[in-house]
Amino acid sequence: MRFAPTDDQIALADAVSDLLMRECPPDAVRGAWETPDGRVPGLWDRLVEMGVVGICAAEEHGGLGLSMLDLVGVLVETGRAAAPEPVVDVAAVAVPLLDDVGGELAGTWVPSLVSGEASAAVGLERGVGAGNAVVENAAAADVLLLGATGVSGDAEVHLVEAEAVTTTDRASVDGSRRLAEVDWEPTSATRIAGREALGVARDRGNVATAAVLVGLGAAMLERTVEYAKEREQFGKPIGSFQAVKHHLATAALGLEYARPVVDRGAYTLVYGGDTRRDSSIAMAYAAEAAHLAGRTALQVHGAIGYTVEYDLHLWMKRVWALESAWGDAAFHREQVARRVLDSSPGAQDWTDKEHA
Amino acid sequence: MRFAPTDDQIALADAVSDLLMRECPPDAVRGAWETPDGRVPGLWDRLVEMGVVGICAAEEHGGLGLSMLDLVGVLVETGRAAAPEPVVDVAAVAVPLLDDVGGELAGTWVPSLVSGEASAAVGLERGVGAGNAVVENAAAADVLLLGATGVSGDAEVHLVEAEAVTTTDRASVDGSRRLAEVDWEPTSATRIAGREALGVARDRGNVATAAVLVGLGAAMLERTVEYAKEREQFGKPIGSFQAVKHHLATAALGLEYARPVVDRGAYTLVYGGDTRRDSSIAMAYAAEAAHLAGRTALQVHGAIGYTVEYDLHLWMKRVWALESAWGDAAFHREQVARRVLDSSPGAQDWTDKEHA
Amino acid sequence: MDLRFSSSEDAFRAEVRAWMDGNVPASPLPSGDTAEGFAAHLDWERQLFDAGWAAVSWPEEYGGRGATLWKWLIFEEEYWRAGAPNRVNQNGLFLLAPSIFAFGTDEQKARFLPKIAASEYLFCQGWSEPNAGSDLAGITSRAVRDDAAGGWRLTGQKTWTTRGAFCNWLFGLFRTDPDQERHRGLSYFLVPLDGEGVTVRPVGRLDGDDGFAEVFLEDVVVTDDLVLGEVDQGWRVAMSTTSSERGLSLRSPGRFMAAATQLTALYREQRDAVEAGLLDPGLRDAVVRAWMDADAYRLHTFRTVTRMTDGEELGAEASFMKLFWSELDVSLHETALGLLGPEAELDVDGWMKGYQFSLAGPIYAGTNEIQRNVVAERVLGLPR
Amino acid sequence: MDLRFSSSEDAFRAEVRAWMDGNVPASPLPSGDTAEGFAAHLDWERQLFDAGWAAVSWPEEYGGRGATLWKWLIFEEEYWRAGAPNRVNQNGLFLLAPSIFAFGTDEQKARFLPKIAASEYLFCQGWSEPNAGSDLAGITSRAVRDDAAGGWRLTGQKTWTTRGAFCNWLFGLFRTDPDQERHRGLSYFLVPLDGEGVTVRPVGRLDGDDGFAEVFLEDVVVTDDLVLGEVDQGWRVAMSTTSSERGLSLRSPGRFMAAATQLTALYREQRDAVEAGLLDPGLRDAVVRAWMDADAYRLHTFRTVTRMTDGEELGAEASFMKLFWSELDVSLHETALGLLGPEAELDVDGWMKGYQFSLAGPIYAGTNEIQRNVVAERVLGLPR
């Protein structure tokens, strides 16, 4: 038992953090709202060069052959910087999914994704009962991985290339998210994997998004603590008022307990276990913690936080988008409930779960 | 439109408050834990003399011929004093129910209840799916009004006299509540009213209990405010700490908004409308407000509030019993949901509701 | 206790409803916090004025109908029930005007009230300064006496001035006695924004609109007739305004009843998804809570209006109202976003924008932390 | 990152489980906070000691097994999983002993630790005084030097002393330097309760037990060998104890995992009533929240133990743990009461009593308000 990242994992996350501090300051995030693709120019190339995009890719396909346990700390840092790059969709979902599928598909697409030559969009979870109506980066992607109900009536993963879809832009509250409705036709030729692979891909997306949310929340908390130390009202820093202290302590508490469940979600994806349960726990905690951090940040900042000239809204709006994009916290608690409450009592002995 | 009690109603509540301050101080409530019937010796007679028990009884049966609108303020005061007397069951439920039934039954029982010669117990709501398993004061009552499912499969009210039941004592967290399981047999001879009367009686019980809860909560808040002004830590009154202020302000907010919905519940019972909806709203608000007031009171008091030598627990435990005795806040919100969310949309125009 | 409206009130309701049914724009106006939307809203406000609905509770001589508070509540219920536009002129109508009624000279009443009602004078508020937010008494903008100009020279900076870029007047506090501190030595000024020395800089707001402005004043001359109340007694006038702001006039129950009704409609649309477990099963309870809270807010307002009708003043209890409606508004909108699930970020039917707007509630007009202090100290009597 | 236990740890778990299966009393003991129950619990504690389970993480020479923190966690999981009794000796074992390990002389270790492990020395804590609750540094009980007696004379009053009526020792702070204020000039004493001048008065507790006591000391002589750590440096020793109290040793995850498992069982019993709308439909979500919180607490503890194994100290972060477990415990029990509906007041399966016990969590060992101050000031670095 050792529940902490390795030195290598810490070093990798630190390196990404350094890169993002340099290449993705708040003004760059703000600028991404105005670029056609909602991205920071050149940033993806830097992440490719560092190997981030291929962390989970097989070495034979140009990747580092590592795992979600190595990616999870990196994702926290991309959240902390509010980097508007598709690390979740490409590095945590598309690449490992295609590698799992293997064969020619993996050989074609994984190397080009890892090298930054091609771009991918993922639509596996979004949409309430209506399939995958809206997908981020769908219009710009070379390849789309989409969930659909197949002829068997079961959920499947399909791969379609850009020319096979038409897209209609939809605006997100987060101006850096380029969403689009995707019009496409699943066929037996586009089907690349079944329900199980879809589930694993979705679970990876959940854990990865949860990690980003933890980073977003942590960044808002840090900024707000700094603001509360400096901003004075009634002749002293507002951070010396107990109401402000307690708001911030409660937000910190949520983040403190979210991080371990996110890490465990990554662990289960790699070492096995109930990935649906553990990824949903990760998302439920991270979404609530990040949401509360945002609410707290805005309330403590007051009116200045309510302006677009101040940076806070860049983080806050990303949270508002991501906290429900893969199903919201309550949806994920219901997934856990189905496993914890509706299965046989015997299966719920917690002391057995590491032996599963 | 005039949403305030009349001068007469205020005077009546004040008179009861004066009586209870004199006759039912905290030590009397504490003493009631040790008396066989869980009551304050002689107190019921004083309430009878003031006419409280017969407020809602017809004048021909020795009552004042008034209504729940006159009783509601009195009930708040009995809550404030934590008076361990069956004002809800007898004055707000049994007496008006029997008066509604009329005839010989009313002629027999209402005068003897109003004069204090006879005692009644009421079991109309308690029990999750299991009927009226446990009834307060069941062992000591001369007459019991009990809900049951009749041969028609519909809910009915039955009247049984003491000799027709056997009881088994059950302990409540509130040591002044004398609960008992009641073993009895409904027959066509014991049936005195149908589903509708049962519903109205239950709605009266809800509003009356909600009023008691508001009084209990208000008393705890008042005591706690006084304590916070006097108790010093870190060289100043704990009530000058913002965390304590905000806890108390939040508790006060809940009570401030609970009172109007309780009063409206009484109004609907008297002037007509959806009594189920409005009585459930009253209970949902009052139960949550009283519960929060208790939680806040204990937290602000700290360890001293955790002792039985201090009085706070007398109020707190009454709240813990009453907040779910007629169904808890969530149960009542579900009753409201069935009316507000599941009926036709047209019926939900709030501007029409006073014209119903 | 009587919760029935009179036949005269019922008739008034019918009249309002008929007019609204015939006049409320069929599709929503663009946001009133953009230049384009503000103009469209002004047309609507003037249409209201022409029909006598701009300020129903004001005396007829100032452009109102002399309606009782009860009729005002009815008007508001019908206004929001009809889905009529937000009032971009609300600062003048609901915040400044009560103070003019209370503290203005006859000349000020005659000059300002009709023009406010007619949306000719469009007032924004100038309370906050960069270093005076929650701590309103920390104001440093100053007014220096200039007898030659027949008035005062104003210098300073006001900020978070909602719709400041579109208004032509500002009301706010300035320090007239530099030797006094905190809430002493302040005066309440009405400042024309087209005067020399005024610079207005729009500031983008969270929800994407240009709703805020910074207002810079440098040696702006205002004459004595633009001081509301006595010189150096501005705090008292301002407190009457903030009491209006917190309490009754800023947020009538009709607004939240209408929002709660929309929420119940949204729930019915999404019920199948809720019951299938695709959305939070707890949303049913959250919806009914929001509906109940709006209902409770309405009843509490009835109680407050009864007291005011009996001649009581709305005091520190106004903080209860501010706390209740602002927290209700946030949770109502969070519930709506929950019902939209992954679609929430797309701003379906304006719920996301409405959520962002609701988040201002616990901040402006005195943060909810300040309001809880007020309740604790002035209602409960806890030590400062 | 590795969440697997080693084969040695698995074997240890199997050994604990087998012993517990064979020895845990079949029906629950009476409450350990009554005279009768305390005696029954002592028998159990001594049975644990005889089998070597009293303090598994202590060195063997003091009555333990020299187990790692990981094995201690496993022990705790199995202990609570088996439904074994509350530890009435926990103050000595989990609060005082860590301070003796850190600050005690070799003689003190040799004298006290084995007797604590064997439940011969039964310690209660003497922190709070009538005027020193949240403000622990407000202690006024004093120790006056008496060289003739070879020690000190203690005078003062301690209160809210859990199980004080049943214990034979007390540990606590006394002011040894009357010229120093607040947390300076205090010393940490171990006080035999059978000494001359000690009066113990039991105080009834909310949940009906005699769990509290007031301890009055008048000129109680204690010798120098009963001072833990240096004279006048008691605050430092005490802080190490309160850190234990807030953090790891007071509430192991196994306790909450066991409670959460009981809660899920209660949910299954009541599921039909929940689904029929007789009980709060939101209880399903509340149950899974409680289960998830217990799970998160376990994972967070794993992280903390990893850090401690790496040699880090448990500092102000211990306040996170206190906040999390105490709030989890209250909401877990409130959920259980919700599942019992109108039966909650009948104390079915002890849930109402458990709820009352849980309400002490946010109060004792430093109120949660104090804990949030600690997090804000010492973890986040906000100004005092």
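In order of appearance the chains are A, B, C and D, and numbering begins at 1 in each one.
Assume contacts are C-beta pairs under 8 Å (C-beta built on N, C-alpha and C of every residue); 3 or more make two chains touch, one makes a residue touch a chain.
The shown structure was predicted, so the numbers you read here are calculated from the model rather than taken from an experiment.
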Which of A-C and B-C has more C-beta contact pairs: B-C
Chain whose average C-alpha position is farthest from chain C's own: D
Rounded Å distance between chain B and chain D, as computed from the means of their C-alpha atoms: 39
For chain A paired with chain B, centre-to-centre distance based on mean C-alpha positions, whole Å: 51
In chain C, residues with contacts to at least two other chains: 280-282, 284-285, 369, 372
Residues of chain A engaged with two or more neighbouring chains: 241-244, 246, 330, 334
Sites on chain B touched by chain C in the complex: 1-6, 9, 69, 221, 225, 228-229, 236-237, 239-240, 242, 244-246, 248-250, 252-253, 256-257, 260-261, 263-264, 266-267, 271, 281, 284-285, 330, 333-334, 336-337, 340-341, 345, 348-351, 354-355
Residue ranges of chain C touching chain B (in the complex, touch as defined): 1-6, 9-10, 13, 70, 77-78, 81, 257, 261, 264-265, 267-268, 271, 284-285, 287-289, 291-292, 294-300, 302-303, 305-307, 309-310, 317, 320, 323-324, 369, 371-373, 375-377, 379-384
Partner chain C, residues of chain D touching it in the complex: 280-282, 284-285
For the chain B and chain A complex, residues of the former touching the latter: 241-243, 246
Chain C residues touching chain A - in the complex, by the definition given at the top: 128, 131, 133-135, 138, 159-160, 203-206, 208, 212, 270, 272-273, 276-283, 337-338, 340-347, 352, 356, 359-360, 362-364, 367-369, 372
